[in-house]
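Each in structure tokens, the structures are laid out below.
Shared between the two complexes below is chain A, which pairs with chain B and chain C, respectively.
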Partner chain A sequence: MLVLTGLMVAWHLVTTSMNDPMFPTPERVWQSFTRTWNDGSLMEAFRDSNSALLTGLALGVPGGIVLGMLSGYFRIVDRILAPYVNMMLVVPMVALVPILIIVFGLGTSARVAVIVLFVLPDVLVNTRGGVRLTDRQLLMMARSYGGSTLGVFRTLLLPTAFPSVMTGLRIGIGRGITGMIVVELTLVASGMGGFIMEALGRFRAGHMIVMILLIGLEAVVLTTLCVLAERRVLRRMGA
Partner chain B sequence: MRADGSATVNGSATVAIRMDGPPLEGVTAPAGGPPVTRRPGGDGPPGLVEGISLAMGALTWELAARIWDPAWLPPLTRVLASTDDIVRDGALGALSSTAYIFVLGLMAAMAAAIVTTVIFTLVPVVHRLARPYFYMAMAVPPLAVVPFFMLIWGPSLTARVATVWLFTYFVLAVMATEALEHSPRDLRDMAFSYGGRRLSVLRTVAIPAATPRLLEALRIAVVRGIKGAVNAELIIGVVGVGRLLRSYSAGYRIEHLYATVLLVLVASLITYFLIERLERKATGWERSG
Partner chain C sequence: MARSGSTTEAGVAQSIGLTLRGVRHGYESRDGDRSLVLDGLDITVEPGEFVSVVGPSGCGKTTLLKALQGLSRPWEGEVLVGGQPAWKVAPGRVATVFQSDCLLPWRRIWRNVVYGAEMAQRRSHRGRKADVQTLLEQVGLGESADQFPSQLSGGMRQRVNLARALYVEPSVMLMDEPFAALDGQTQEIMQAELLRIWALHERTVVFVTHRLDEAIYLSDRVVILTQRPTRVHSVVDVPFDRPRPLDIKRTPAFNELLDDVWGRLREAAGSPAGIAR
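Showing the complex of A and B:
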């Protein structure tokens, strides 16, 4: 808290002494916040972006979990998917955004597709890692007692992989927000990214900083909620 | 930093990763532990299944594009044939421009991260105070800040280099500090007991012991830096690969757009494998025990 106060004071002192509209004081940023909050533009952009984010997460997270479980369990699936997953992890996905825009158009589906593409690899890799941690003896015992493949997945692999799935979800959320911003900043000027680009066009540094802080806050809050949910579930599981 | 290569950056977030695939952006992944007993069918010479998978992917692409013929999917052969055109349009120059800002941004981030790490290691109270803000900064998508750089510096080299810096600095500083903190305590205590000063112990004991983890941090930073450079150019959009992607996209030159994406893909993979090779070479002593 002391550091935060110190940072705010330093921000105030530096920006006041600079007296440059590109570097607004905290008071001016607060004014920008109240203005955009009152005229509804802030919340409208927030809602617009987050509806795409939620849809993207709803598709990308289960997709990543299923593919991660399969590639963690079946070696052949892992080897087939490996080149593509590795590429998705190393290559800047933003380069694919123009192609996705051509495929899906400038609507919500393109934004959702980009978010899915950003979220899926991290969830997949973490889930795969979690499945690999499964105790071999437990797995053999489950099979020797006649456990079906589906039963083994549900009762053994999924609980074992749960902490890793949650780690993947946490990272996936961060990546999803990045994907959401990428597409809105580059080609589909709407939502939170569109708000920032509009503020850039009108040289409204205060508005821009408000949205940057809101995006940062959203990332931190969602990540923290994920951590809390993970701890709660793990406690219930007796881990 | 654990033996499996993953590093706990805070209580619950794990940063840096290393599994049997390329390591990852930003974070995670438990590896190691007893492997699951796999179903048969996936064994074979290393790279064979993966190669067949890639070949099948390429064949599917070609056939789908020729039979289905959607406007957005040109045949792979036509994409590869248009490579000549994009080279004539200055793709290699664009790629070198992107590489230039990547190198500048990464160097600047490394310099800043070295200073930060030394301060954090020598003055732990500063690390304790700054740590939550560094973790927070790592959770925030750096891309959101790029327009602010454009506002301050315009579509300039500085704005693009600053973007790469932002993508790489925090991960370098956090992972390097973690690496040094987790260097063997007994060695450091021994050095102190022989009268070593903090800075000399850091230089002669902690840094050499942390070299593998430092190189791992560099590898992750390289991946993030490439992403930062391409992101910056696509958003700022006046130079480099970003300009090519934007112009081909706006002109609906699909084959050229795909060819540029493939070029970025190949360049990223080559850079990644080079840095991974360097890391393996430099840390061979650790693996050999």
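Showing the complex of A and C:
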């Protein structure tokens, strides 16, 4: 709280002394906020982006978890996936954006595809790592009682991997938001990224800052929700 | 397989015997090299009998247990559980108590007890807490149903391990050095407890151990295995009546028998290395 107040005061002092419309004071930013809030453009951009984000997460997160669990458990799946996963982790996903636009066009599906590609590798790698932590003795025990592969996945691998899955989810959501903004800034001018580009075109620095703050706020809220959910589940599991 | 008929009103499953006939078995390394471990084992365990298996270190007791569990088929010979090949026997009819307690840390004790049955899909698929309570009281854990494994001592966790095996109402229990990780005092207590609980359930038990006094104290017969490639060296009958108080370990008759088994084991091993008395 103290840090935040200090930052606000510093911001106020610096921008007031500069008196440059491209470096707006907190008051101007607040005006930008009320204006875009009242005319609905802020929330429209927010909704637009987030529907793409949610769809992307809804596909990328379960996809990452399933592939991660399979590649953590079955050596052959791991061998097949490893090169692609490593590639996806190293090559900047941004480089793939133009290709995806070519494949999917400039619509929502392209944005969703980008978000999936941003989210999936992190969730996958973390889940795989978590599954690998499974105690071999426990596996042997479950097998000796006749546990099926599905039963072992559900009762042993998933609970063991859960904290890692949540870490992957947290990183994945962050990457998903990045992916979402990246497409909108570069190629599909809509949603929150499009809002920033439009504000830039009209020299409305206040609008840009409002949106950047909103993106930051969203990231904080989502990751905090993740942490809370993880704690809750872990407490229920008694860990 | 029909389950009805194998369980009486009291919930005591009928015991069945085990037969190993000329079992040759081993493991295959990744490059396909086969190493022979068991070189023609013949062992018969009567229904309801408590048999211990002792042998030099690395004599293939784990391989033997795996074959009995039906997790692997022997290269040659037969492993029969109640007259059926072990690998065909329905899961849960043979239950194993491992050396490490193998409890799931995120499950409460009673949920750990039902875990084996859940995997074997025996009894009510989910299992209710009330079903477990009697069993938990039998193993001396009546108060611990809602605790987590981390809250229990090593001995108590091993009791949960035992309860989990008993809950599937197995016809045969395989025990793989279940008390080896416990301290000496707890070991003795657990041995006496095991006999008490066993008397309540009367299952066929195959108990693998390194400790000769444990083997003798618990068993009707002690099977002594040789060094690899493993054969049966000899089988010793334990003549003591049941119930057996722990005090019999201090009697001359017990120590005579202990010396006898010790001598045989030394013979079986070829050298005294790797044997804990």
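Methods note: the second predicted complex is superposed on the first by the 239 of 239 C-alpha atoms of A that agree within 3 Å, B and C clash if a C-alpha of one lies under 4 Å from a C-alpha of the other, contacts with A are read in each partner's own complex, and residues count from 1 in each chain.
Following the convention adopted for this analysis, contacts are C-beta pairs under 8 Å (C-beta built on N, C-alpha and C of every residue); 3 or more make two chains touch, one makes a residue touch a chain.
All figures in this text were calculated on a predicted structure; none of them were measured in a lab.
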Will chain C clash with chain B on chain A after the two structures are superposed, or do they fit?
fit
Contacts for A:75 in the overlay, against chain B (first) and chain C (second): which applies, first, second, both or neither?
first
Of the two partner chains, chain B (first) and chain C (second), which one does A:151 touch, if any: first, second, both, or neither?
second
When the two structures are overlaid on chain A, which partner does A:142 contact: first (chain B), second (chain C), both, or neither?
second
Arrangement angle, chain B at one end, chain C at the other, chain A at the vertex (C-alpha, nearest 10°):
90
For A:87, decide between first (touching chain B), second (touching chain C), both and neither.
first
Using the touch definition from the top, say if A:159 reaches chain B (first), chain C (second), both or neither.
second
With the two complexes superposed on chain A, say which partner A:210 touches: chain B (first), chain C (second), both, or neither.
neither
Pick one for A:57: touches chain B only (first), chain C only (second), both, or neither.
neither
Which partner, chain B or chain C, touches more chain A residues:
B
With the two structures placed on a shared chain A, what shortest C-alpha distance in Å links chain B and chain C?
8
Looking at chain A, which of its residues have contacts with both chain B and chain C?
135, 140
Which residues of chain A touch chain C once you look at their complex with the stated criterion?
135, 137-138, 140-148, 151-152, 155-156, 159, 237-239
Residue numbers on chain B that touch chain A, as the complex places them:
11-14, 17, 19, 21-39, 41-44, 49-50, 53-54, 57, 72, 129-130, 133, 136, 139-141, 143-148, 150-152, 223, 226-227, 229-231, 234-235, 237, 241, 245-246, 248-249, 252, 254, 257-258, 260-261, 264-265, 268-269, 272
For a test of understanding, state which residues of chain C touch chain A in their complex under the given definition.
69, 71, 90-92, 95-96, 98, 100, 102, 104-108, 115-121, 148, 168
Would you mind writing out the residues of chain A in touch with chain B in their complex?
2-3, 7, 22-23, 72-87, 89-99, 101-103, 121-122, 125-126, 128-136, 139-140, 157, 163-164, 167-168, 170-171, 174-175, 177-178, 181-182, 185-187, 192-193, 196-197, 199-200, 203, 205, 208-209, 211-212, 215-216, 219-220, 223, 227, 230-231
